[in-house]
Amino acid sequence: MNFTGAHILSINQFQREDVDRVFAVADQMEPYALRKRVTRVLEGAILGNMFFEASTRTRVSFGSAFNLLGGEVRETAGFENSALVKGESLQDTARVLSGFSDVICMRHPEAGSVADFATASRVPVINGGDGANEHPTQALLDLYTIRKELADKGRSVDGMSIAMIGDLRHGRTVHSLGKLLSLYDEVHVVLISPAELALPESIIESMRSAGVEVTVSHEMTQSLADVDIVYSTRIQEERFSTKQEADLYRGKFRLNQAIYTEYCQPNTVIMHPLPRDSRADANELDIDLDDNPNLAIFRQTDNGLLVRMALFALVLDVADKVDEFSHEVHWYNSRQRPIKS
Amino acid sequence: MNFTGAHILSINQFQREDVDRVFAVADQMEPYALRKRVTRVLEGAILGNMFFEASTRTRVSFGSAFNLLGGEVRETAGFENSALVKGESLQDTARVLSGFSDVICMRHPEAGSVADFATASRVPVINGGDGANEHPTQALLDLYTIRKELADKGRSVDGMSIAMIGDLRHGRTVHSLGKLLSLYDEVHVVLISPAELALPESIIESMRSAGVEVTVSHEMTQSLADVDIVYSTRIQEERFSTKQEADLYRGKFRLNQAIYTEYCQPNTVIMHPLPRDSRADANELDIDLDDNPNLAIFRQTDNGLLVRMALFALVLDVADKVDEFSHEVHWYNSRQRPIKS
Amino acid sequence: MNFTGAHILSINQFQREDVDRVFAVADQMEPYALRKRVTRVLEGAILGNMFFEASTRTRVSFGSAFNLLGGEVRETAGFENSALVKGESLQDTARVLSGFSDVICMRHPEAGSVADFATASRVPVINGGDGANEHPTQALLDLYTIRKELADKGRSVDGMSIAMIGDLRHGRTVHSLGKLLSLYDEVHVVLISPAELALPESIIESMRSAGVEVTVSHEMTQSLADVDIVYSTRIQEERFSTKQEADLYRGKFRLNQAIYTEYCQPNTVIMHPLPRDSRADANELDIDLDDNPNLAIFRQTDNGLLVRMALFALVLDVADKVDEFSHEVHWYNSRQRPIKS
């Protein structure tokens, strides 16, 4: 794919070489995200960070990524959707807003809305999540994290195995990651969920026809034995038809240190798209895992910054100029402190 | 008028030479808005973008205009009006907030509020809309668009004719534009509205005594024959006392390509303050006009950026320094892409 | 205290030498806040301005302070607390958000929340107010104002007397200021409130054991005779058990120019944490005081900018580099206009 000036709307746009290109640029962004250096390559550029649905962390992640490249951010945080309320079409909104910035990141509650918006935008649009449909930067940061965590252990995405746990039916994160993994060779995916929340058959078929080995399970612990990655997601009680049904599953898909120690290989990486629900009746990833060095959930969000910086750099065609416009950091850098759990 | 350090509260402040000055500076801003160059003339300056009423597009337009000049933006988007709720006067709010920025843009639902605020502000205040009262930058961008569109056709504002259509009674946009047109010679204004929504008699009187030729009509199509500009606005059903009454007018003031072809002169310019309501029961400007090159509605919002940049540059007295602090653009510039409809 | 990389959570962290250090840096910030010069020392740095509770003026003050040092601001304004609603712990939120910025300012409605957040943050956290608990920058700006106002009259905080008026029971501002004053010598504090709203005994004890002379009064006018500073706060009717009870006090703790003239020494400084309630049934500081040059309430908020700039500069260790990265101001500077009342 030619990234320059392109809209980033769906992971379906990505071939393996495109993913490799994004990840190579993301690697290059690390010194800037870690504050070893500052770059001003996008000085004067403006991001329109249009969140027509609230999401503090994703919004701030996109905004900070743009700031880290030297650009400015104008934004909306989801609560003043006045023109749309007055009957304005998404295309009109796009024609107007795309005159105010150099690139737009957009989140919107309706599936397909971001693509509709992009058809009328004069500047590149990056999908920050459109309802149940797509959230491509989340899938890319997940895969980037998998690649990095495995590389630290001398392994690669090709040939790896991953358990996906929880609500696999509704989670767009899991759907998109599944598609991305289809670009790799000899991947084994273990799907662990209640039957009601199984991954849609069409996605399973698509993965299998791309050469992914898919195993389906309704039980967690035994299925964790041979995976490199455990990718946990939230099970929402309201997804079940009765509370009794929910109670049957409650607790069967929760991971904690004791289960990890008993069932997982040492160094199995633990991931989660966040936020994790730490209330007692949810608690899909127990906080007693916080001291486990294989808990990668906060490295995921840190990686999100790198991946988003990379996409901005590629779409605006400055990946090769980032270093040229860089200078040293003048302030005390606490950014490299380890995460305290 | 001496723009330096001035509040911009009302179009009544503007003489023709003032309008000319704003438009000359707006012309000068075009290469920066189109991203042919970047200027950093306001590097370090802060805009307080105080929207005590939500308006995404106007807020982002002001903010982007300030960013395009190199400045920073601090803002409020209308939902956390806590101090005012606690009984603080607008003057106190102004005394406080004017310590935090170099210029303030303010929108507020109450007529007169922005002028009240300005009396106590230590920095220049630009009115971003105060209820039904004034929205001077909208009127200026409308006139700037008219001037530019006509100039492309070898004509000028002097001697032109314009049809204003829709709810002329409540639309502050139309009121302000009417006043501004009074500064020009031999202008002919055709007012087209239901009788209930006619332009207030006082404004008509004022225009006539300034030399504007005013024609009043309650019918649209025949009135479009000889105008250079069609300025359409929204008719809101709730303005009528009964639904039956609204139904009488429904559809009589809608413009589409077929009507345009049949009744308008070729090259008649179509304008609208936006947002246009594209729902079936409103639809004052049909989307089948989107391919008509004379549809100027998105050029209007683009011009808004230029006019707002010009006002900031004039009020902060940097109009002559914009080029001095400029440099080339380092990123891929898609800003000049044509609007896709 | 070593400020570099430190969290600023409570005024209990401050010894007198720490306060002196903050105030010395705040003095140094004045030319930048008054726009005599621009500094870019924090160019490329990002503040995460995380207001999980709305407060326009405090949020904008922190954001502008960071902009005045050359940094960027990413923020949330209190209305989209989605991850916390989904059961995410404050520690998880901190682990995520601290990856997106170089320093965080946080406000949150729950007492203790900011300290909880800070335990898991990888970057310094400044408390912007945590419920009824602490608002350390307010206390510091109050004390900075007292010091400056007295210095203008050739006096110092040591040996000064201050009357605190209003709801002394619930006002965290007054509690924190009381603690800070305990760091000074021979201070006399006159506490003026209805009995129901008296300063908690524990704070009085603590002040007395630190050497502060404390006088308690339930009557205002006679108690104003010998103080250097009158610090007025709001009395909220809802604090009383019955409306009759509230009526007993209504008006007894309101200061206006007539009372000032009759009871106060000339040049007694008038302060208030703002916002002041200017509605007729509140009106704790009458607007007829606005022309009194000793009314320091807007100098307080201006000083807040200096104190917040100082804290950022200290925590990020750039206090000594601010001048090095400075340049002249290119735009018209109206920032030094006197406050119009």
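So that you can tell them apart, the chains are marked A, B and C in the order they are listed, and the count of residues begins at 1 in each.
Rule of thumb we're sticking to: contacts are C-beta pairs under 8 Å (C-beta built on N, C-alpha and C of every residue); 3 or more make two chains touch, one makes a residue touch a chain.
Worth saying up front: this structure is predicted, and the values here are computed from it rather than measured.
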Which chains are in contact with both chain B and chain C? A
Regarding the chain A and chain B pair, does the interface count as same (over half of residue numbers shared) or different (under half shared)? different
How many angstrom lie between the CA centroids of chain A and chain B, rounded to a whole number? 40
Do you know which chain A residues sit against two or more other chains? 72, 77, 79
Chain B contact footprint on chain A (complex, rising order): 4-5, 41-46, 48, 72, 74, 76-77, 79-83, 86-89, 91-93, 95-97, 99-102, 119-124, 315-318, 321, 325
Could you pull out which chain B residues touch chain A in their complex? 35, 38-40, 54-57, 60-61, 63-64, 67-68, 70, 72-73, 77-79, 274-279, 282, 287, 298, 301-302, 305, 329-335, 337-341
